[in-house]
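Just dropping this structure here.
Letters A, B and C mark the chains in the order given here, with residues in each chain numbered from 1 onward.
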Amino acid sequence: MSIILDKVNYVYSEKTAYEIQALKNINLKINDGEFIGIIGHTGSGKSTLIQHLNGLVKASSGGIYYNGQDIYDDDYELKELRGKVGLVFQYPEHQLFETTVFADVCFGPRNRGFSRKDAELKAFTALRSVRLAEDYWYRSPFELSGGQKRRAAIAGVLAMEPEVLVLDEPTAGLDPKGRDEILDLVAKLHRERQMTVILVSHSMEDVAKYVQRLIVMNHGSVLYDGTPVEVFAHYRELEEVGLAAPQVTYLMHELRKRGIPANGVATTLEEAKQSILQAFSQKHAMSQIREL
Amino acid sequence: MLRDITIGQYYPADSVIHKLDPRTKLMATMIYILSLFIFRSLAGFAAVTLGLFLVILLSKVPIGYMVKGLKAIVVILLITVVFNLFLTPGETLVSFWKLRITEEGLKNAVFMTVRLIYLILGSSVLTLTTTPNQLTDGLEKSLKPLNKIHVPVHEISMMMSIALRFIPILIEETDKIMKAQLARGADFESGNLVKKAKAMVPLLVPLFISAFRRANDLALAMEARCYHGGEGRTKMKPLKYKGADGIAYLLIAVYFAVVILLRRFL
Amino acid sequence: MNFIEARKLVHEYIRRDEDDNVESILTALDEVNLDVKEGEFVAVLGHNGSGKSTLAKHLNVLLKPSGGTLWVNGKDTEDADNLWDIRQSTGMVFQNPDNQIIASVVEEDVAFGPENIGVPTTEIWKRVEKGLKSVGMIQYREHSPNRLSGGQKQRVAIAGVMAMEPKCIVLDEPTAMLDPNGRREVLEAVGQLNKEKGVTVILITHYMEEVIRADRVYVMDNGKVVMQGTPRAIFSQVDTLKSYRLDVPQITLLAYELRNAGVPVPEGILTRQELVEALCRLY
């Protein structure tokens, strides 16, 4: 089970004055159960990339294979694929439209051809799993707060029971607590359901904390692809393209420069803390030995 | 397809026509449209053609670019030709099956086609050489006398310029909403008319809500920047007639006189 | 007198049913006191729904107090005669960059404010140029706003406010919809206006990193001002901030956790450099 992108190119407004190559020769294999982060600044092609995964945008050349099947085959059901690769867009306001949250969440499964009863069952499960309090289920989606709308939108995609969940900047505009809640929710879905999760984000700190694999996009190409530790080791190169490593990564490098043996590859707060504490306790132990 | 329509698009260039006051151009366009319905003879046709092509030449907009704009009205042109050709009573020229072409029909078809083509070409000269803002400014100032009969001229022109600014934003937004719903398995294409209309609900509801929200935000932003209607308002780019506009008005008058005289005497 | 003085400012959103009976009352501002001196950079922090945007709208008289008083630039906002004076002296930048740009050409949008207050044409041109230069957008003056990035659009919006020559700018979550680069652009522009032109800045946000450069910080929760002080004083109270659904910058949090684990770094570390220095001293 995997998604394979083979030499994917995408050109906007082909053969006009506004021609832009949004994706250049993308080769990726997304394995089952991975938690992937995609970073890159605006216009780096990350949004275009994820819209290829469920066939919303068709590559100008190259192929995409979902579980070994060519999604550009004439008899491939793209509608089916969109149920399997669930894509949650940045602004929930772009998808919420029904009179109640519950009815809105039913929209996806109904489109996939489930009976009303089955769709309601799936909506029920989805709303439970995004932990939206039941009080809100039968209210208008437009009365919800930003964080609640985001949950409703994620539930609307989860209700289709996708195998892969793709989220485009799900925390934009949320306050710190709201941001943590949504990211924890996504991490939990990944952990408990072994779902493949792809998270598009601007925040280095967030991706470092949550994902197992990080893909850095720049000018339509994949610049780096690896674990956060591997990718952030290139912190100087990242800066050259207008990105940055998490704050703690810089801190660790500076500490090493000043002679404190801190772990240079720490990318999360917890790693940094452990490494600094270790450096201090080693020093402490050494001085105790010397005193003896 | 949408890209082929050049009517209403601005073509940046440094020409005499571009520099004219929008009011001059509005007036000229009106006179020109009027003249299209006045000429009847070949001589009149020649005068109009001369006028039109002289202006196009002066505007420095490539003729090919303007002709491309005609693609959008090919269907209308064909219908006009067919109707005029076959449905005008008069002396039969050719007839086959149940249809017959009359001399008057042929003449009408030719003249109507020419009129339509010239109408589109002429008005696209106006839009191609005038930015939408200049155009609304020109309209506001030309229509100012209507204020006396309580037509809210300033408000109308403000609404027009805001609409012009938000059309591209709303088009982009429609695309995003469409994608968000497609991702949830929405289907905008298959089914009969009723089904298709129903499928538009998930698209239209978020679009309208967003548009209202934008309108509300914009109203606040305008108020915060001290907007309080047209009263006491100054302009960064006030419209002022220059020498060239005087000459242009003179030429317009001469042109109009010639077309009227030609109708009368030739 | 301070440039802005709020005393027991209250704002209630009252919802009525069809028969005009009061259905519910939401107290968005609950006896808020706020003092801002001319030239200060004040940040207002708070989670979504804490009342901070309602406060911002009062400063520009887009809303009027339900109770208490608010004085801006020595003028009572309650008095309708002061409306245009206050709006001119205290400009406002909103969250969504698209929904506050009115014209289809950058320079014409910047001119919108001065046009409304009846500035003569030649003076408008000068102000537009000055405004665009102050945010580094002069080379885009003839562009369409639609082709600009989010950060550039917000800078145009700031230029539009600057062209009215205000004493104070209120920015209501100006970076919430921007990417990190856009955020940096906008904050740098705002910081510069404050430092070089002495413009009073009131920045409303929930991004902790943006608050570091402020002179003073107000924290709002549930319509009330619950904390106030320098960024350092505020950020040394990590647990209190968390109870208000807020956070501290990653470096501050790391310093805090190291302290809890027994490394005696000082309280209220704000920048990476400070933490490096503190750790080197201790090592």
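Just so it is clear, a residue touches a chain if its C-beta (ideal position, glycine included) is under 8 Å from a C-beta of that chain, and two chains touch if they have at least 3 such contacts.
Fair warning: this is a prediction, and the values are worked out from it, not measured in the lab.
Engineer: Chain touch graph shape: choose line, ring, star, complete or other and state it.
Structural biologist: complete
Engineer: For the chain pairs A-B and B-C, which is connected through the larger number of C-beta pairs in contact?
Structural biologist: When A-B is set beside B-C, the one with more contacts is B-C.
Engineer: With chain centres defined as C-alpha means, what is the inter-centre distance between chain A and chain C in Å?
Structural biologist: 30
Engineer: So the centre of each chain is just the mean of its C-alpha atoms; given that, what is the distance between chain B and chain C in Å?
Structural biologist: 43
Engineer: Report, in whole Å, the distance between the mean C-alpha point of chain A and the mean C-alpha point of chain B.
Structural biologist: Centres of chain A and chain B (C-alpha means) sit 46 Å apart.
Engineer: Where on chain B is chain A touching in the complex?
Structural biologist: Within the complex, chain B touches chain A at residues 3, 173, 176-177, 179-187, 201-202, 205-206, 209-210.
Engineer: Of all residues in chain A, which touch chain B in the complex?
Structural biologist: Spelled out, the residues of chain A in touch with chain B are 16, 51, 54, 56, 79, 82-83, 86-89, 91, 93-97, 107-108, 111-112, 142, 156-157, 160.
Engineer: Please give the residue numbers of chain C that touch chain A in the complex, ascending.
Structural biologist: Those in contact with chain A are residues 47-49, 149-150, 176-177, 179-182, 206, 208, 245-247, 249-251, 253-254, 257-258, 261, 263, 272, 275-276, 279-280, 282-283.
Engineer: For the complex, which residues does chain B have touching chain C?
Structural biologist: Touch list, chain B to chain C: 131-133, 161-162, 164-165, 168-169, 213-214, 217-218, 220-228, 232-238.
Engineer: Which stretch or stretches of chain C touch chain B in the complex?
Structural biologist: For this pair, the touching residues of chain C are 57, 60, 62, 84, 87-88, 91-92, 94, 96, 98-105, 107-108, 111-121, 124-125, 128, 145-146, 160-161, 164.
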